[in-house]
Amino acid sequence: MRNRIMLLLTVAFAALLAWNLKNILLGLPDEARQDAVYRILYFHAPAAMVGLTGFGVGMVFSGIYLATKNLYWDTLAASTTEVSLMFAAINLVTGSIWGRQQWGVWWAWDARLTSMLVCWLIFAGYLMLRRAIDEPDTRARLSAVVSLFGTVNAWFVYKVIEWFPRLQHPGPVLSFRTGGKIDRALETPFYWNVLALCLLAVVLVMIRMRQESLTREIDSLRRLAHA
Amino acid sequence: MNALEIDGVWKYFGDFPALRDIGFKVTAGSVVALLGRNGAGKTTLLRILAGLAKPSKGSVRIYGSEVREEPTRRRIGVLGHGISLYDELTATENLVLFGRLYGIDDPAKRAHQWLERTGLDRVRDGLVREFSRGMRQRLAVARTFIHDPELLLFDEPFTSLDDRAIAVLQSLVIEAQQRGCTIVMSTHQLREAIELSTHVALIRKGQLAYSGERRQEMLDDPGWLYRTFEEEGPS
Amino acid sequence: MNALEIDGVWKYFGDFPALRDIGFKVTAGSVVALLGRNGAGKTTLLRILAGLAKPSKGSVRIYGSEVREEPTRRRIGVLGHGISLYDELTATENLVLFGRLYGIDDPAKRAHQWLERTGLDRVRDGLVREFSRGMRQRLAVARTFIHDPELLLFDEPFTSLDDRAIAVLQSLVIEAQQRGCTIVMSTHQLREAIELSTHVALIRKGQLAYSGERRQEMLDDPGWLYRTFEEEGPS
Amino acid sequence: MSLFLRQSLTIAGKDLRAEWRTKEALNASLAFSMVILVLFSFALDPNPEMMQEFSGGLLWLVFLFAGALVLNRSFAREMQNDCLDALLASPVPPAALFIGKALANYALLMTLELVCLAEFGILFNVRWLANVGPLMIVMAVGTWALTVVGTLFSALTVNLRLREVMLPVLVYPMMVPPMMAAMILTTDLLAGTALGPGNMLWIRVLVGFDLVFTLLGVSFVDTVLVG
Amino acid sequence: MSLFLRQSLTIAGKDLRAEWRTKEALNASLAFSMVILVLFSFALDPNPEMMQEFSGGLLWLVFLFAGALVLNRSFAREMQNDCLDALLASPVPPAALFIGKALANYALLMTLELVCLAEFGILFNVRWLANVGPLMIVMAVGTWALTVVGTLFSALTVNLRLREVMLPVLVYPMMVPPMMAAMILTTDLLAGTALGPGNMLWIRVLVGFDLVFTLLGVSFVDTVLVG
């Protein structure tokens, strides 16, 4: 059953991505100022959205773990955070590439960029903490607390850095934020790609979940053997 | 009345069950020797009883109430592997500190009494850092007793102690029992433990293998218990 | 021939003399129980014998030569409070590492032999971190023996071990003695120690209070030694 | 509530007394702060005009680096003889323990920072006495942010093998919002700008951060310490 | 001599293998280096021209701070199960032990520094590939200075309660001469100046320091570890 769902989601993701790629690469006109590179936006911004949302979802799972003490939720929280971290990394890398192309530098200490980097570091710390603790219960408990603190903090980082005096990164362009700054034809594929990346995230989380539960099983078998 | 009621306690470390369905009752005033091989789960159980860890399943009631409730914790005294004393404070300061935390009246006076009783009067203003191992252990006992606990939980109290220190500790345990304290004590020193105890609980790979009164067989031959209730096999 | 010649050894920690003029000889092939109360100086002496600390005065000769000389150290095996194993390495890796450091031929083969002999064959590729206390202790013994030492120095080897682990260790000690090893071993578990030993050395506040062969009185009553050679008094 | 406070103060008093007896954490972190000030001065080779611009930033960097040492000791001190177990077994609620340790850390950090400030003024020729009132307020509020997050994470990392590494790795990214605020405010104050509507925003960030994380700390310390 | 070398390599191999298995010290110090780069950027608010001037200084500061974490672990790793006693009781001379640990630390530090350099290049937009050969030489020689002093002091402080504090407090001041040399050389190289008679002095300082302190380390490690 689980395999079936996973397969289905994977196929859906692949199909959607193919269709999106066709639209984005072939269907859209080049932008006047940026040539073809602007298309990176279709992965750059959705990756950030999926990543940041994922951190929040991870926090919710961590909260559920603390309430129920069921390790399932811990595994879910960890997988979600890990996958989100990967999406955040995609955002950072695509942004850097884009920045190299647009600004001539890989990195600028712009508010938006820095806040993403700081969020990434916070949750990299979360994963490192998980590595440093062997005992599953303690690991779950402590990392859940870090996830809570981290997410609240990430929110602060986001809010606060907006007020930071240096801004270089483009502001919001999506119409639901600005009331229509971007062309409809350019915007629609964007949302489809958000959906595609969401699907990918779910698939990846499911794969990680399975790996994690296998690891846990092996681990406990080994411990029984060594006891 | 039961000092301690352990009911269906399980403890998982991840998927590994360190305690499996442990359940027994301890009547007030008894001295229980908690025995078991290395890794059986004695420390895990004692930490749960002391409220330092939570069971995954099951419940522990001490004099009828929850462990982590404040009034209950006032009735427990815990002495673990470490001595739980601050090296940078003096003997008196250590005792007064814990007296305050337990909210007893006139902690200074109580501290003084206990220093006398454990023979540490002479060094009461010495830093714990400078104490010998035997003195530290005695001060740790004083700390455990300072708030007149009714239930005492000891984890391997005799480890690394010499014969004289063990004798001092034993006499304090006996004295506490005479005052009506209930004592649960884990150790590998079977002979000492069994001589002191009224009851015995044996844990085997996380399960309760025996619990009940001390029997004459155990006194005669400390090895009897293990031979009877643990089948041998490659560990 | 004397395996060990200790001559007028003093050890000061600052102004405090932890060892005062210790001197005795140990003939090859004997098992010495090094006894004494907490803080008597057993660990200090054993560390000096193992070359982990230097005496303030006096000399120690092992098979006639200096402790810190390389050929001498190849003949010593040390097992202290800790187990001296790396948690992040596997059982085999640990043994091979020490085999290499001792420069033995074919360390992998030796490691394998010792894993078999201590019953750890099954888990030879398991990380030490995941081992239970008994398994760690057995691996530590294997590490101590891997280079076929002639003089073994044990500091409280029985601490915190259960009856079965103690039995395993005891049989290894007896086996080593039969191979002609000399053994010096400190412990507070008088009964176990005296049963194993051929000689006894008692340290009292840093001084040698008794050294000589094991006597029948000690076997009959482990407390005899302390009662006879230590006057009582506040510690 | 009064009992809670009394217990917290008992804990804080104990920590301060133990520290006072040896002064080791304080001395060491003072020495450390001095050393890094010297290193900074080598690395940055600051000329006076630049100094004006950096002063707040450098100062808080020093506070952060030296402060981590104090925070690291905080719960590590309880591990020496398993003292933490005795505290947790006593009727003191973990929240009181947390507040007590935080108060002690706060006192130590403030002492450390005042000395650092004086050193800094002398070494880098920065006049901080002009605006000393508001500066103290900023330091007081900013330091509480460091204290409260640091104390909780000190409790969280105390059992890890890599304690001394994990603490800064987890805490520093979380400190980005309050540190930014504190740095900007301090630079302003050292440059002679008074607190006013222009930088009220940053004061609000600091106070908000303090409140939110004190609350989180008090609520989650039980989870961290006992489970 | 060959035996000595073989023993050193065995020790180094053991350390690297244990580290490789968990990668914790390396990961943590990498994360830490990233975090302090971010903090520096906040504190210093660097504009590109300034960056040119600071780059060498900042880079070596990061190496120093993150390196201390690696060095701290070095002998601390031996304390876990009293492993140090077993090593000292074995026929390995303390000097071989010292060289072995130093080699392992050197490998770890160099790895750390190369990654830091890449991070630094990207984040602060510093082009280091131009002069990469001489830069590697300076890094290699400067890092050995840090390694050899750090390893010796790691052995010296390993039994102290305040280990994690005392190591930097003792090591950083000692590192002032080589760090100054390395900072100046690195800044020159990053600014495009080649190594030449103009900065030969600093190269000599570095090499001289390396030689003297390696010699001192090898001669005194016996005193430090055994007495």
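In order of appearance the chains are A, B, C, D and E, and numbering begins at 1 in each one.
Assume a residue touches a chain if its C-beta (ideal position, glycine included) is under 8 Å from a C-beta of that chain, and two chains touch if they have at least 3 such contacts.
Note that the structure is predicted; figures quoted are calculated from it, not measured.
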| item | value |
| --- | --- |
| Minimal step count in the chain contact network, chain B to chain C | 1 |
| Chains touching both chain A and chain D, listed by label | B, E |
| Taking each chain's C-alpha mean as its centre, the one farthest from chain C | A |
| Chain pair showing more contacts of the two, B-D and A-E | B-D |
| Between chain D and chain E, centroid-to-centroid distance (C-alpha), Å | 28 |
| Centroid spacing, where centroids are CA-atom means, of chain C and chain E in whole angstrom | 38 |
| Interchain centroid distance [CA atoms averaged], chain B/chain E, Å | 48 |
| Residues of chain A engaged with two or more neighbouring chains | 118, 121, 125, 128, 132, 137, 223, 227 |
| Shared-contact residues (touching 2 or more other chains) in chain C | 132, 135 |
| Multi-chain contact residues (two or more partners), chain D | 80, 161-162, 166, 169, 173, 176, 180, 227 |
| Touching chain combinations (by label order) | A-B, A-C, A-D, A-E, B-C, B-D, C-E, D-E |
| In the complex, chain C residues that touch chain B | 36-39, 119, 132-135, 156, 159-165, 188-190, 223, 226, 234-235 |
| For the chain D and chain E complex, residues of the former touching the latter | 24-25, 28-29, 31-32, 35-36, 38-40, 42-45, 50, 53-54, 56-58, 60-61, 64-65, 69, 72-73, 80, 161-166, 168-169, 172-173, 176, 179-180, 183 |
| Parts of chain A lying in touch with chain B, wherever the complex brings them together | 69, 71, 135-137, 216-217, 219-220, 223-224, 227 |
| Chain D-touching residues of chain A, taken from the complex the two chains share | 66, 118, 121-122, 125, 128-129, 132-133, 137-138, 141-142, 144-146, 148-150, 152-153, 156-157, 159-161, 163-164 |
| Residues of chain A that touch chain C when the two form their complex | 134, 222-223, 225-227 |
